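Given below, in the form of structure tokens, are the structures.
Note that subunit A is present in both complexes that follow, paired respectively with subunit B and with subunit C.
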Partner chain A sequence: MKWRRRVAVIGTGQTVHARKRDDVSQQEMVREAARRALADAEMTARDIDAVVIANMELFEGRALPELWCAEGAAGAGKPVLKIATGGTSGTSGAIAGALQVASGMFDTVLVVGFEKQSEGQTTAGMALTDPMWDRHVASAAIGNFALSISQYMAARGVTEEQAARVAVKARRNAARNPYAHLQQPGLTVEQVLASSVLAWPVHMLEMCPTSDGACALVYAAEDVARRKCATPAWVRAVATRHDQPYIGDLDMRLLTMRTLRSAAREAYAQAGITEPLKQLDVAEIYEPVSYAELAWYEALGFCPEGEAGRLIEDGVTAMDGELPVNPSGGVLSTNPIGASGVIRTAEAALQIHGKGDTRQVDGASLALVTGYGVYAWSDVLILSSDPG
Partner chain B sequence: MTGAVIIGVGQTAYEPAKPSQAIPEMVLEAVERALGDARIGMEAIDAVVTASVDLWDGRTASNIQVTEVVGAVMKPEARVAGDGLLAAIHAAMTVGAGAYGTVLVAAHCKMSEGQHWTCSSWAVDPICQQPLGLDFLSAAGLQARAYEQRHGVGASHWARVVEKNARSARANPLAPRGPDRSAADVLASSVIADPLRALDAAPATDGACVLILASPERARSLGSDTPVALLGAGYACEAHYLGDRDLTATDALGAASGRAYTMAGIDSPLRDIQVVECSEAFSYQELLWSEGLGLCPPGEGARLLEEGVTQPGGRLPVNPSGGMLGGSPFVVAGLARLAEAVLQVRGDAAGRQVGGVRRAIAHGTHGPAGQHHSVVVVGA
Partner chain C sequence: MPQPLLRVQALLDLTWRYSAGSHFTRFFQALKDDGVILALRCPACRRVYLPPRPVCGNCFRRMEEWVPVGPRGTLRAFTVVHFPFLDPTTGQPRPVPFGMGLIQLDGADTTLNHYLDETDLGRLRLGLRVEAVFREPREGNMGDIRLFRVLAP
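Right after this comes the complex of A and B.
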């Protein structure tokens, strides 16, 4: 990676996430996360040069929400812009903020992602796809995943039980994260499989929740980062891939997940990673449904094709495994959409900062972040304690 | 310097409606023109930044529909949900960072398929302001009234902006065909948000605009013979609540232009700039933005117009393209201003060309009463 200058995450903060945060307005929710990130970076609003907001406004039934909410993110009087790319909004916002600092335009950028889904109707919003070809079959996240999952299961021999284990892992991890939405420490594989089928083979308890929440992170250029932060989380790689807009054009989506595969390969090359499972210390990946995590293991090169089920069965990605995946509980436990990618990035930075508390992975110094959105869009970031 | 140059420009014609084109087809037209202008193919594009706003498109993640036509399949794309000039500034930062060698920037809006003022009411705070019926139109009425009371500038002054820009638009083949508008026509049109009248508001139009940015090295290797440098850029967002702002002070515009001028080494825009393209969604705003851009002291925007400074052929023409009053759509407007500024610097603006342009200003805005502003300075 040859950027003009180095950039690091030096502070993170998030709200408590819940189905309904009716104790705060959208602006107040943004402020709650921003205030914590600034405090973590030992900064005040005055220290921030620019703000990036990540949000999918139609999920709240709003337009240009940054105009109202940016004040909650120290944005009044400052450069503010909003990134909105579906589910990848948060990771795309995180990438945008890093590039803005790398450009030299700003020394510090505050990125805040938020979603207050309790004030909107997300599935209705998601169904607002192409009015001529797609809308009459639009089924939002659950239905379109189900189509691809059954094909994935058949081709790779993944079982319902293996997928359920992903959900159990996520919720057990979430139980050690005081900010996570779903707190289900005692969840069992049997309970997941006994929960209602949303669209076969997806069960209620292995799908991500609908959450309200916000998450913020502070980026700084190298000189500021070294001055303000003991263990800056340096941005070592970013990569984005978008894909076809029609689900019918995305043949074998989960089987190939070519966007994630390509973005990961590029990011690994930027960061000098050749054996991701061995070299990475922790991963925060965007898994909206249990099966997606298994498919992403393969696309991310954690295992050969067809062995993702074994990875989860053997506990390789558990908290005490070789590569803990989603110590935070992941999207399966918390999904305020525009915030979800910022949460992944902030949680990865938190691990490098050594501030993970009960969800800390010992000695984490190289962390992978992914974002997923629309039908098959992918973002990848790699953070490291080593500036490179 | 932002470290980026502009190597290609493409705009559709701006029309009250484009019923024969879906949004992707409309955007493709601008993309093909920009690639043709840069004399490169899509394979030369490293990344894409789009600008669109979901509610105006009636779609979630409204960039999905243009993924293919902007060439973003298996490429990086970021979507700035706001004015197109902001997308260009963000793209310039990604080039300046060294992340990409070329970035295609595309903005679109089909105002004919939505209800602009109704959509805009969903952009104001939903607790205190939206229930009162505030939208971008009523906010503009309040700002125009405040401007009138502060500086004694009124409807008869800003009606002449409409007259000027409607006349300029007739020299712009991309602007919708419309009749000449005299100041008297404006003053005779119906009141839409006192003191603003129907002809004080920019018309609703459909269109798309695309620019191609590159690093100077990449521009050279691509054989670009007309690169225009992005010399400076700035943007800023003011407080949201109208009561928290001095509506006649344009603080955000001052911050945005101040930053852009510092980067570009501009001391006095009136002296150092030869043409300005600004986003005047309403006639009075061209006067107010002239002040915010530092072309004159506060309250003297009307004098600038009356003395002919901002007229075509004046010392510093403002909106020789016709501006927003000449037909640029919401979201597209700021990027279209940049496209026009680039054409002016290149000497390619045909019938609307201003003589001897070395540096030009492009300005974009969105939000109630110009809450958010962005400014770019381009030069040879």
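Right after this comes the complex of A and C.
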């Protein structure tokens, strides 16, 4: 990837996320996040050149969010682009916004991701899959994950206790994030394993929730960024990988996850990262289910294959560990789908801005972001306090 | 007390008509007429694909060579689902529990996600032999493969 010029995140903002945000319409919810991101960047709507909206409109059953929500996203009279790539919508939107500035097309871009899952039927949206084949053999996101997890457990020897620890870490971290949906500071491994089984081996408390919420971030080109922001979060790398369509094409999905491995390899090369566990200060990764986080540790090169369980047991990825993963509480705690990837990116930028408050990782200057969508799509971004 | 805010309900009942294309047309015809599961082989990488599709994603080559696969295969992944999700073919929650597997049909390189006739975890393990159970009479769509039966070891 050739970068014409530097681009940085200079402001972030998000709504309080909850099972149901009945107190606001979609437009109001989007505006809530956009307004906070603009305020954080010390900008007004007039300062924004273009807008990217990330949303899976199928889940709300309301077409054209770039029409109905653009006013709330400061998009009226401006170029507005919508991105809808399942779980990766938010990170794909964040990547699109960064490239719009890096290419020289615009000086400032506002990226807003949102989902209001309580308004519609997310499972019905997911059921509108390939009508020839997939609809007859569907088992929703949980069933599909569970299938892949059975292979991952058998090959790596990961235990149910180790996976439960991921959920405990996420919800405890979320308790220090005032915007997070599921905040469970006292959650224990025993409680996770005692919760109902959705699809073996996945328990209720180790799957992501369905959330309403929005998140926004402001990108600026170098001259604007240096003027407006004391500690810009420079975008040092972006990479996206899609893959073949059917779940059965992607045998050993969690085990191999070729999209995430390939995207991470490319992003690490762009950013000069050779030892991710040592060099990265913080990571915000898209973990829709506990076991996925363990699989991503391996795919992202945090540990050799088979050692992800040890990483979580030893607290390496805890808030006080060598590489804190998801200080925000992650997708396991908050999942407004179109927003989830923007939240990952905004939370990583927040760490570099030093505005993490009770979830701040001291001195965070190099941050990893990942997105995960559909069966096996992957996005990776790397943000840094060093413009490179 | 502020006035409670409204929620507005909407209901849709619509019909879509999708083109199956030549590959699914041939696949469904063989399934209906002969009870045979057909897959497509890539001329470049030789990978045998199920579901059939016109192009190999890895090689970007058109696939024309049909290969009969199954009806027996090997269980490569499994779960038992307890969460009643919406069945896209009926619009109703699917009765739980039910078994699901990724099945590698004999002769195929990809796996097929499908239902199992077993919901006892103690009887499920990777590597089990399974066999497709067909709906009778067959209608020429994916519903013709009802589920996979776990074969005695």
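Throughout what follows, the second predicted complex is superposed on the first by the 386 of 388 C-alpha atoms of A that agree within 3 Å, B and C clash if a C-alpha of one lies under 4 Å from a C-alpha of the other, contacts with A are read in each partner's own complex, and residues count from 1 in each chain.
Basically, contacts are C-beta pairs under 8 Å (C-beta built on N, C-alpha and C of every residue); 3 or more make two chains touch, one makes a residue touch a chain.
No experiment lies behind these values; they were computed from the predicted model shown.
Contact with neither subunit B nor subunit C is seen for A:195 once the two complexes are overlaid on the shared chain. In the superposition on chain A, contact of A:151 is made with subunit C only, not with subunit B.
In the superposition on chain A, A:71 contacts subunit B only, with no contact to subunit C. With both structures placed on the common chain, the touch criterion links A:61 to subunit B and to subunit C. Counting the residues of subunit A that each partner touches, subunit B and subunit C differ, and the larger count belongs to B. Contacts of A:128 after superposition on the shared chain: both subunit B and subunit C are touched. Of the two partner chains, subunit B is the only one touched by A:80; subunit C is not. In the superposition on chain A, A:22 contacts subunit C only, with no contact to subunit B. Applying the stated contact rule after C-alpha superposition, one finds that A:247 touches subunit C and leaves subunit B untouched.
Of the two partner chains placed by the overlay, only subunit C lies in contact with A:136; subunit B stays clear of it. Residues common to the contacts of subunit A with subunit B and with subunit C across the two structures: 61, 128-129, 131-132, 243-245.
By the touch rule above, subunit A contacts subunit C in their complex via residues 22-23, 61, 121, 123-124, 127-129, 131-133, 135-140, 142-144, 146-151, 154, 196-201, 243-249, 251.
The residues of subunit A lying in touch with subunit B in their complex are 2-4, 25, 27, 51, 56-59, 61-68, 70-71, 75-86, 92, 95-96, 99-100, 102-105, 125-126, 128-132, 238-245, 258-259, 262, 373-374. Subunit C meets subunit A in the complex at residues 5, 7, 10, 12, 16, 18, 20, 24, 49-51, 53, 57-58, 76-83, 85-89, 100-102, 104, 110-115, 121, 126, 141-143. By the touch criterion stated above, subunit B contacts subunit A in their complex at residues 2-3, 22, 47, 53-56, 58-61, 63-65, 67-68, 72-82, 86, 89-90, 92-94, 96-99, 119-120, 122-127, 233-240, 251-252, 255-256, 259, 366-368, 371-372.
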